[in-house]
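In what comes next, chain A is part of two complexes: it sits with chain B in the first one and with chain C in the second one.
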Partner chain A sequence: MQIRDTRGDRAYFIVNYSVLTVFTLMVLYPMIYVISASFSSAKAIADNEVYLWPVGATVDAYRTIMESPNLLIGFANSAVYTIGGALLGTALTVLAGYASSRDDLPFRRVVMFFFLIPTLVSAGIVPTYIVVRQLGLLDTRWAVILPGAMSVFNVIITRTFYKMNVPQEMLEAAKVDGADDFRFFFRIAIPLSKPIIAVNLLFYGITQWNGWFNAFLYTSDPHLMPLQLVLRELLSQSAVNPGMIGGGDVAELLKRRELFDKLKYAMIVVAMIPPLIAYPFVQKHFVKGALIGSLK
Partner chain B sequence: MTGGPSRISRRTLLGAGVAGIGAVGGIGFLSGCSSDAKTPGSSGNKPTGAPVKLGPEIENGPKYKDGYIGPHATVKKPFADGKTTFKIVVPQDTQVVGDWNKNKTTEWFEKQTGVKVQFQEVLITNPNGGSDLTKINAMLSSGDLPDAFMGIPFTPAQVSLYGQQGTFVALDDYIAHYSPRLQQAMKDYPDLRGLKASTDGKLYQIPGVNDCYHCRSSQGRAWISKKYLQAVGMDIPTSTDELRQVLLEFKNKNPSGKNGFVPFASGVNNPLDNFMMQPFLYTPPGDQNGGWMRLNSGKVEFTPTKDEWREALRYLRQLNKDGTLTPQNFSMSDTELQTAGNKGQVGFARVYWWGSFFNPVTLDKNAPWRDYVAVPPLKGPSGNQTAQWDYYNFATNGLQITSACKDPATLVQWSDYQMDLESTMWMYDGIAEKNWFWGDEGADGIDGEQALWRDIQWPAPEGQSWNQYATMYRSLDYRGGQQVDPKAPTYEAGLYAAGKDYEKYAEPKEMQLPPVIIPDDSASQVADTATSISQAVKQGMSNFALGKKDIDNDSDWKAYVDSFAAMNLQSYLDVYQKAYESRPK
Partner chain C sequence: MTDTDMTTTTLNVEKPEAPSTEGNQRASRRLGLRMRRSWQLYVLLLPPLIFSIIFLYWPMYGLILAFKNYNITLGITGSPWAGTKYITQFFHSYLFWPVIKNTLVLNIYALLALFPLPIVLALLLNSLRSQRFKKTVQLITYAPYFISTVVLVGMILMLFSPTTGVVNRPITALSGSPVDFLSAEAFRHTYVWSGAWQTLGYSAIIFLAALAGVDPELHEAARVDGASILRRIWHIDLPGILPVTITLLILNMGQLLNSGFEKVLLLQNPNNLSVSQVLDTYSFQIAFQSQIPQYSYATAIGLFKSVISLILILLANWLARRVAKQSLF
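Here is the complex of A and B:
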């Protein structure tokens, strides 16, 4: 015989599922709307006729995006920046995080404080620009990946992870067995920290994928533009700024608006797809990495 | 990308171990350049030889209408040897210009001038369509200077500042020598120089002209449906009383036969005061950046606290009591206006043009927007009848030459070649004889006279034109000379006609406050005050019009007027007065 749920249990389930359903809808509806709108005709969108399913279905928007000369370049560049940025950022973070987690590191506090300085006081755009310029990085891919390659926030998370999962005792045990620091780090610390590595890869990857500012500021070669900058440029070419109304040309206004109506939703979809694909694969590590602590 | 000796000097600087002290390097670089610019004698740095003269008209050129004022197509001879490559920063525009360095107009223009240019593209617009000069400012402040900037929307205040700091080069001497076309444009448009000059009286940029006739009245126009007017048996209103009657008829008879009919439409970006106040007094448009200020015998005057404004509010209140003016009139977004227009639910609209309440605007002969005509300015109870007319919006930004440029003379002349008619056509419309042609003999332009040119499409296909970023000379006659096809009328002719209707009632030129440069030290305070003023004016307008405050109650009115005093209106006006009096001529 099945054990009947108590009233409290049932109430709990009902409330729980209702809340989760509402929450899911809140997240899901905008996505469905954007996808539907991206397949709808510009007129249907202008007339507010799209609610759930595409109206006047068309793939015009996607055709225009695909024809945009820089889009494929942008995709390829974004892939390079995402992978490069993720690998470099993760490597730096794991190194810094592990080292600063060790109690026997001399000047540990000073080093950590040094890391914190740039997060507390940021120099601003112009000085950073000068540094990048004087290092000869302007208009190179390095200018997109290197500035801000390591995030101090991630270092702190990683440090905490090592503190909790790779304690002093483990190191001592390894040393008794004859392992030196490098051996310990590569053979024991790294394999134990797969979750935090996955989290770092995801964090850095997503940041690079969504990033446009470094490329915007430090490069002017269209061949170096990441996807987000290509899309941003498309969007800015199509936006009508209220200040333009009245001063501008009618032809210019029309051109912009046609482009905008056509593209705005399709562009969101294009930019959304890769992270959407990546998330489920990293998600399990994500939960582990951010939440699990203490020894097993 | 960054060629030239400055780069090498930076590298050696780096090698010498001074790296890291970025600021020091930057300043050294900057001062090195400005002293460069002041050293006379270096190649072509000061005007030498006889002033440049215009060549003869080209063969098979266009037919100019009688009394034509504007750019001419003259024979252009290359004047540079192409040994130096100039680095010029331009706006990024992949949709129209494409790759600047591979653009067809770039190629053509290099042949015309002999000047070699390496364009550097910078994204200067944000996704809202506003300008975003982050990168430009970073370049300027860090001393990473190109030879020139072109088509960058610097404000006059910025140009003035960078000019006086020595970053931009003063150009008057060069223009006098190398720019016959610009000199002509400044004669044709006597206000041009003053609008783009700096507070110290010098000109730090090459100005351009883009004189759009209908744009001069576009802020304050209103439109009405002929079809619906006929349906209710009324004529186009000519006075405030007649408009009130028309709106009442619209409301009571609902000629559209549809639910949600809006007798009177206006909205956030199409404020109603631009049209509705003018039967009572001349008041310029305003927004969070200022406005609502006019000149009265040379004195700057704020209009929303005047008695005539109160009269206008009384009239709006009356419309509200009639039920034809609703809170919607202050809140409709652009999308809402377009949805209402597309559905045929608009009777009378205070908007910029058809595209403000129709989307898309097709060129179909029976397209619904063609039912709407401009309503000429209304006559008020005391006989006032004005149209907001902008006398000053024709000036554009052309080129700013920086202190890093070794040979400003060549760039000045290069820029002047752009003001040639043929160049202007190429830059605006792409490849000759492919996307644009000279006007057909006997064909009419927008202004109803001999057409100067015609085109297939604008913008030209990607990679052909420079969009609208060049130093241009697109005068009134040039723009009016765009050939119209009587069989396929576009909106241009209708907008031109609307402009004609409004020009008759334009305010006297002495009443319009020209754009002025607010000095740096009061800029932020002025900006703050402008924002509060804008909020108070808009709130006051809707409160009084919708009856939340009583317009007939003197204490309500006084509280409204006093609220401006509390915002320090007087010192705000004083700043404008001073800026107006000391403006460059």
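Here is the complex of A and C:
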């Protein structure tokens, strides 16, 4: 039986669609504006002509980035940290997640508590810094990747995945065939967990790509700076510092402040786009992630 | 079935604790056997365990620096004891109360503003009939969550700039003078509402998941009885997600001292320091941005925060268990 909407219900839906449309546009606008500004002419930005779409479209801000050695180093460093952090974090997480998912592991509750306690008692920045220094990792790439390489929340998600998708019967059957735990893990559990491995790679990759604080705290060498830290330095300057960009011609180009503003917009876009491309692929694991994340 | 498999199966059955000593001995022998049999699993666990010990537990041990005079050459263990000197120093610091107040005000403001809105968003999304519109709204509003803090702050600095920002153009046109969104008066609003922009969509997910568990037949029946959609949301949807809401609210209250450290640090400037100096940034500043780094004093502030946070989390968890019958541990 089809029930017709009352006038009140129709009014509700009109309000609902309007509110959601306005909210979505508000979320979208800053991202569109930044992209448009980065493609607009310097003059259009200086004269406040850009509101939504690019005015006097050019790509010279991006050309400046491509021609600036320091900005390119930032990009390359971010790529290294992203790939390294994703591989290391995923490896640690899958190992911890699989082993702790096994019902026949003696002391599995102790092991889980061992992983969970640091989420309740945070040591804070200073003791972590001192440990990194005592390990002799200051001013190395390891200092950017290692602290915070493994997230306990990802371990829990991965553990749940194994509990649900690698049943006990499968393990018992494999044991009958003579497989030991190593063999079962590498030959059966790992191939079965490709989806959760992909999610871990993306999560850790996004985290590393977005990170700036480890590099800021533990390194002082400009050659180790990731893109986000380069962007932060760039944003904190109101005038052009040619040394920051590098290269004589580029410094000449940047004499005008407007182009510098444009360069900031372009750098924001470069730093923003990769996670936005990656995140729809992890979307279906959001519910679990959000659940555990908000329960931390 | 082979001999070993028989033992594995029997071992998987949890036996009640044996009262006699003989039974205990047998139990401990069995445990030893099980551990020996699982040695490969412990080998797999080794890398994550070593990682946790070095990068999570060793720094935790480093918290004792709060009671020591840290000396770089002597290290954490070798540095001489200082008693509660640094803890007392923090309690008597003229910045103690301002920093506590800033931390609490910023977090309570964020909680009051950012807790109810995702619920509203989830209710609106849940009642939509067009799945395509719903999917589009979700895809777009989740996106900012994955943008880095530096990019978010960059957008704030550029778009809300008093001189060149696009937001200040209409404001200047209407009121004659631009607004400095990073001034001491505006800092908290900028911090909280930029957080809303970034996290509202994502925070709605958990409530959407809870709403998906509400029985659709309740809605059908209420509709037949002539209940309007607002009444159905009020009497069916809201009670349906109440347990999740209460649990989340209580658990969020356990996080009252954890402000978004990186974002506050990036938004901080000399003008807004009077409202933007929170526990985390104060500790950071003392350790890394003062002329003589005072690691022990900074650790004492961090320890203070860790202890209060732990108490808050345990309290929140206890409350969640009592009120909502849900808990983490």
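Here, the second predicted complex is superposed on the first by the 196 of 296 C-alpha atoms of A that agree within 3 Å, B and C clash if a C-alpha of one lies under 4 Å from a C-alpha of the other, contacts with A are read in each partner's own complex, and residues count from 1 in each chain.
As a working rule, contacts are C-beta pairs under 8 Å (C-beta built on N, C-alpha and C of every residue); 3 or more make two chains touch, one makes a residue touch a chain.
All of these numbers come straight from a predicted model, not from anything done at the bench.
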Touching partner for A:S100 - first (chain B), second (chain C), both, neither: second
Which superposed partner A:E233 touches (first chain B, second chain C, both, neither): first
First (chain B), second (chain C), both or neither touched by A:D180: second
Touching partner for A:D47 - first (chain B), second (chain C), both, neither: first
Touching partner for A:M150 - first (chain B), second (chain C), both, neither: second
Which of chain B and chain C A:S18 touches, first, second, both or neither: neither
Chain B versus chain C as contact partner of A:L259, first or second or both or neither: first
Partner chain(s) touched by A:L138 [first = chain B, second = chain C, both, neither]: first
Contacts of A:P280 with chain B and chain C, given as first, second, both or neither: second
Of chain C and chain B, partner touching more chain A residues: C
Set of chain A residues, in rising order, touched by both chain B and chain C: 48, 125-127, 129-131, 134-135, 217, 229, 232, 235, 261
For the chain A and chain C complex, residues of the former touching the latter: 1, 3, 6, 8-9, 12-13, 16-17, 19-20, 23-24, 26-28, 30-31, 33-34, 37, 45, 48, 50-51, 91-93, 95-96, 98-100, 102-107, 111, 114-115, 118, 120-131, 134-135, 146-150, 155, 172, 175-176, 180-182, 185, 206, 209-213, 217, 228-229, 231-232, 235, 261, 264-265, 267-268, 271-272, 275-276, 278-280, 283, 286-287, 290-291, 294-295
Chain A partner contacts - residues on chain C that touch it in the complex: 2, 5, 8, 11-12, 31, 34-35, 38, 40-45, 47-49, 51-52, 54-63, 65, 70, 75-76, 121, 124-125, 127-129, 133, 136-137, 139-151, 153-155, 157-159, 164, 166, 169, 197, 200-203, 205-206, 209, 223-224, 228-230, 247-248, 251-252, 262, 266, 280, 283-284, 287-288, 295, 298-299, 302-303, 305-306, 309-310, 313, 328
Sites on chain A touched by chain B in the complex: 42-43, 46-48, 68-70, 125-127, 129-131, 133-136, 138-139, 216-217, 220-222, 229-230, 232-237, 239-259, 261
Chain B to chain A touching residues, read off their complex: 1-2, 10-11, 13-14, 19-20, 22-23, 25-26, 92-96, 98-99, 120-123, 125-130, 132, 134-135, 137-139, 141-144, 212, 215, 218-219, 269-270, 285, 335, 338-339, 342-343, 352-353, 355-356, 359-361, 393, 458-459, 462, 468, 491-492, 495
